[in-house]
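In order of appearance the chains are A, B, C and D, and numbering begins at 1 in each one.
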Amino acid sequence: MADPLLETRGLHRFFGGLHAVKDVSVAVPRGAIKAIIGSNGAGKTTLFNLIAGTIRPQGGEVLFAGRPITAWKPHRVAALGIARTFQTTKLFPHMTVLENVVMGRHARARSGFLAGMLSLPRTWRESRLMEAKAREILDDLGLDDLAGQPASDLPFGRQRLVEFARALAMEPQLLLLDEPAAGLNIYETQELSRLILRIRDRGITCLIVEHNMPLVMTISDEVAVLDQGQKVAEGPPRTIQRDPEVIRIYLGDDHA
Amino acid sequence: MILLRRYAVVLVGAVAVVLLQVVLSAWGATYYMTQITMSAYYSLVVIGLCLLMGYAGQVSLGHAGFFAIGGYTSAVLTTFNLIAFRGVPWVDGCRSLGLLVARQDLYGANLLTVSPLLAFLAAILLTSLLAFLIGLPILRLKGHYLAMATLGFGLIVYRLALGTAVLGQADGISNVPPLRIFEGLEVTGRQPFRVQNYYIAWAAVMAAMILGINLVHSRAGRALRSIHQNEEAAHSLGVNTYRYKLSTFVLSAAFAAVGGALLTHYNGSIGPSEITVMKSVRYLAICAVGGMANLGGALLMGILLNFLSLRGVFGTYDDAVFGGILIAVMLLSPQGLLRMPDWREARSFLCRRSHG
Amino acid sequence: MTTRLTMVIGTVLLCFALVLTGCKKQSPQPTPVTKEPIKIGAIFAVTGPASFLGAPEMKTAEMLVQKINKDGGVVGRPLLLIVKDSGAKPENAISFARQLMDEDKVLAIIGPSTSGETMAIKNLCQEGKTILMSCAAAEDIVNPVASYVFKTPQKDSDAARRIFEVLKAKGLLKVGVIVSNAGFGMAGKAQLEKIAPEYGVTIAISEAYDKQATDLTDVLTKLKGKDVQAVINWSIVPAQGLVAKNLKQIRLDVPLFQSHGFGNIKYVQAAGEAANGTIFPCGRLLVADVLPADHPQKAVLTSYKSEYESLYQEDVSTFGGHAYDAILLLAEAIRAAGSADTDKVRDALEGLQGVVGTAGVFNLSPTDHNGLTMEAFEMLTVKDGKFAVYKD
Amino acid sequence: MHYAQIVQYSLSGITVGSIYAIVAIGFNIIYNTTGIINFAQGGFVVFGAMTAISLSRFVPLPVAIVLAVLLTTCLGGLVELVFIRRCRDASILRLIVITIGVSILLQEAMLHIWDEKVRSLAYFTGTAISTVTILGAHFSPQVLWVLGVSAVVVAALAVFFRFTLTGRAMRACADDRMAARLCGVSDRRMVTFSFMLSAGIGALAGCVISPVTQTQYDMGPPLAIKGFTVAVLGGLGNSTAAVVAGLLLGLLEAFTVSQFQVAYKEVVSILVLLLVLVFRPNGLFGGREIGALRAS
């Protein structure tokens, strides 16, 4: 696969004695949906945090569009066009839905500290633009009616959607989804899978960490399997489903 | 409408200020303005602190330090006598440029010192610079560790002021000249200038308020609030959290410096008692009583509580009453005495456990 | 929206109403005498770091004013004392001074307790033409002389001279000086360093310790390292007790000299056995009982001592005496001037001669706004937990 | 420097350090169970000493101290019940503000109960002038008492937290309140208890150091600040580390004095603290991960 959008090469990360991520190399092709599966504590979220810059790797490197971004601070990573959602949704509880999504535009706006203090005309224009864009996205996800509500008042499913909206507001090239289906009911999950596909079709590459097998198998173009911090298998869903190693991990040795 | 709503506090404040002046003048009780003016300068610190703690969510137990750096810088520059250096070319040069001014003190001694206006600017710049240098390392700390670091900073400033001869040691610096902004308008405690200074002080406060309000409602302000509500998320959205914290820290320090310098010129002196931990604590506490992320509340409380203690209303029970108010508010109405529309903010700050 | 506006306005107005009433209540009610009273302001550090000065000063001032009023006041008018607690904060002292001058229109201000506060309001009073009777020791309060500013405590320089005299007599010419970093200490340090050469005494080392110090063995060790022949400690803070103790504890067996700030039996008690043998110059208040009956100060001192101690059930200290003298001098001046006109009283003050106070016999003049000489000091020492006159 | 002098400086450093340490221990107990830094700790110390001093006029010294400790323990419990319990799960900042408020109230109360004058408890052994001599350097026997008591307290705490049920329960609360609650531990009672415990230890500290430091109503905050400094220096929550850090700080200050003006003693020590905070944000002995969790 020629020039992957995101690539990790031999990432390492220890926590105390625990080897959370061990020599993991994965590549995410442009415009694809790639899923990373694995049992709890397999190091999936750690891998995400290593990519997003929340924690620094102790070895290996991360490449985005061929350019090394290893151990960049999250805000720089975000500025490159890498958006993420969190396993437990991390909205700004005391901002309205709209404000939350507007926050997503932050990296795409300029006006700084002083300009804000003096409230120069351009800051006004800019914030109007940010807001317009945010509303657009809310409409697109059918959240427009919630715009004015404080995020903390929303039901869980909605919150997740808002987090999506916030991520999309960044107009990212790559979207990192950490267990997007966790805690969603069956209908919400279906809605979600449709949404993810739609996002992909817009040319936004997605990297998903997910437990929900059916979801993964239906939407993803490629799957990588982590176990105890190591990559044990990689390939299209079909082959992964038949991979004895994977089956052993998921169903125990006797099925192998 | 939005604008009206946004600047309501300032408008109301301005009206109240003028009303008060009229009432007091009519009543022939203009002397109350002395303490109101002083309180106004103190509340400049509180406004800055409110931005730092209420919005950016960073604790500071050292803001008296910045207040003092501002005050002391201005005081030293305007009292340090260069008369001995007369004839030294650069001194005369500065003098001809108007950077230095000659005057006589009450006892007829000739003084040649830096011009107050210049000293004032220097004070603000120096304080901002120091705030930047201090903030650079310590704003990486969180919670109690940040509290300790800022506390430590305050202590260091205190010790330096007490130990250094040029800073007057225990006696501080007196005989600080008035700050003449232009002919006929000067920051001084002299009685004839009372009303004038009342308005100068309030002008400064209102300016600070407007800047603060603008900031809060700007992109930067939103970013600050986001840092405060969920730092990790904010960071992942491209908010350079560290940079924003630092900017706010410097800004609040600058506000403190303005207050310190102006008050020093107004009082004609400054002493180490301005740098005690208790002072820093007072600022922080007033901010909390005002409702943390609530500029209006902070301002009102800043004026009120400082005014009361400057009047010595509670006599020897001053600190006791202060502590009482503090606890009462924290326990009974954590979001401050006056609930402003953004009380959710305040509550979010006061009720969310910052751990984990 | 509107509710918010009204609420804010409401709060503001309400608060200020509250404050104003509060302030009205604040100023004490004049004693029921037909003649309109003479207002005297007082700024003392009743609480805070210098409370051991301010508290006795306030108590003394209130006691004395009551006494004067009982005896029919001055020139037929009662005195009205308005006390403010500055907590030893110059900024508060400034605020209070302006208050007393502008709204209470006081004739004079007694205090403040510390030199820092005094220096902060010296010019204020000078410009505001209000008499200031400082209870702080620092020399530069009355030098340069500001025509409206006086001070009652003895001169630091005189205290220093008394100490050096003894040192010279004992042939202890290499001394270590430690002072508290409060105003009193720093002023004393300056004087000691200035005067030492006159007596051929060399100050091997001089250090300032924190006024709230809880242990001084480290700095004393430093002195020990310079093997000094005597230690002079100049402070008013409780740490003086520590000096005595730590000195003995680290076996720095040289005589300890204290300043006139040692004039409080509490410090002796705090230091316990360690205090014995301490030598210090002091007003005669502490040894009033052992003074010869014909001593000019005997009467004043004993009466003040007995009255204070019976009224407040605590040992008298020289600090209270400073407030006593301030009011005494003022009353004398008013009598001499025959009216409470500021300038007349001021002139009268400068003319006062031979007024016997607790600190000594005051002879004021236009050039000397303190009026005490070295005679005001007696060299005292501590014998088994009690003050006694020092004899060598 | 002459070696006897070095020893002398070390001793005075240890004297001061042991005082810092024993105050810091009180901080850690509360911090461990609640994550609160109790700025009123200094108040407890002074209150304990003051009570003991007043009582020692009527009853023998040991009795006075025991009574004082008991009284202060009750005070600690009271403070928790009245002020802290109402705002559980409050932000660090609110807690800081409240405990500061409490310390102000305590101090003012003490000013008006006792007065502004300085007092001091009788030396436990010997008098103000009796000294112990080591290697040609001298110090007061009381220092040994302070050190001894700190050591005993630390040991006792270690045993208490490791081997007693209550101790374990308190540790559980420290690690994870929710879990502790699920295990049937009444975390409320644990919090109250931790306040009583640290108040008691504070009082004990106050009594032991009183002969050395003397006691005045307003010496609480400075003590608290030093205690806090030391607690942070050692790494919040670790009492043994606190003792070590305390002694280190004391020694540092002592030797600073030997080289610089005494006036700048604290400047140096605080600078060192700041450096430590910058380079080891969780204190000298604090583990990074734990510290990170605690701090954020």
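We adopt the following convention: a contact is a pair of C-beta atoms (placed from the backbone, for glycine too) under 8 Å apart; a residue touches a chain by one contact, two chains touch by 3 or more.
What you are looking at is a predicted structure, and each value in this text was computed from that prediction instead of being measured.
Comparing each chain's Cα centroid with the centroid of every protein Cα atom identifies chain B as the most central.
Each of B-D and A-B has its own count of C-beta contacts, and the greater count is at B-D. In this assembly, C is the chain whose CA centroid lies farthest from the centroid of chain A.
In terms of their C-alpha centroids, the spacing between chain A and chain D amounts to 47 Å.
Centre-to-centre, using mean CA coordinates, chain B is 33 Å away from chain D.
In whole angstrom, the spacing between the mean C-alpha positions of chain A and chain C is 72. In whole angstrom, the spacing between the mean C-alpha positions of chain A and chain B is 43. Shared interface positions of chain D, defined as residues touching 2 or more other chains, are 261, 263, 266.
Each of the following residues of chain B touches two or more other chains: 162-163, 319. Multi-chain contact residues of chain A (touching two or more other chains): none found.
Taken chain by chain, the contacts fit none of the simple shapes, being neither an open path, a ring, a star, nor a full set of pairwise contacts. Pairwise chain contacts in this structure: A-B, B-C, B-D, C-D.
If you check the complex, the residues on chain C that touch chain B are 1, 4-5, 7-9, 11-13, 15-16, 19-20, 22-23, 26, 46-47, 83-92, 94-96, 98-99, 102-103, 114-117, 119-120, 122-124, 126-128, 138, 144, 146, 181-183, 185-187, 208, 210-211. On the chain D side of its complex with chain C, the touching residues are 1-2, 5, 8-9, 11-13, 15-16, 19, 111, 115-120, 122-123, 127-129, 131, 133, 137-140, 209, 212-214, 216, 218-219, 222-223, 253-254, 257-258, 261-263, 265-266.
Every residue of chain D that touches chain B in the complex is listed here, in rising order: 35, 37, 83, 86-87, 89-94, 96-98, 100-105, 107-109, 112, 221, 225, 228-229, 232, 236, 261, 263-264, 266-267, 270-271, 273-274, 277-278, 281-282, 293-296.
Against chain B, in their complex, chain A makes its touches with residues 52, 54, 73-75, 78-79, 83-84, 86, 90-95, 99, 102-104, 106-107, 109, 111-113, 115-119, 123, 126-127, 130, 150, 166, 170.
On the side of chain B, the complex with chain C involves touching residues 5, 8-9, 12, 15-16, 20, 29, 31-32, 34-35, 38, 106-107, 109, 162-163, 169-172, 174-175, 189-191, 263, 267-274, 296, 300, 304, 307-313, 315-316, 318-319, 337-338, 340-341.
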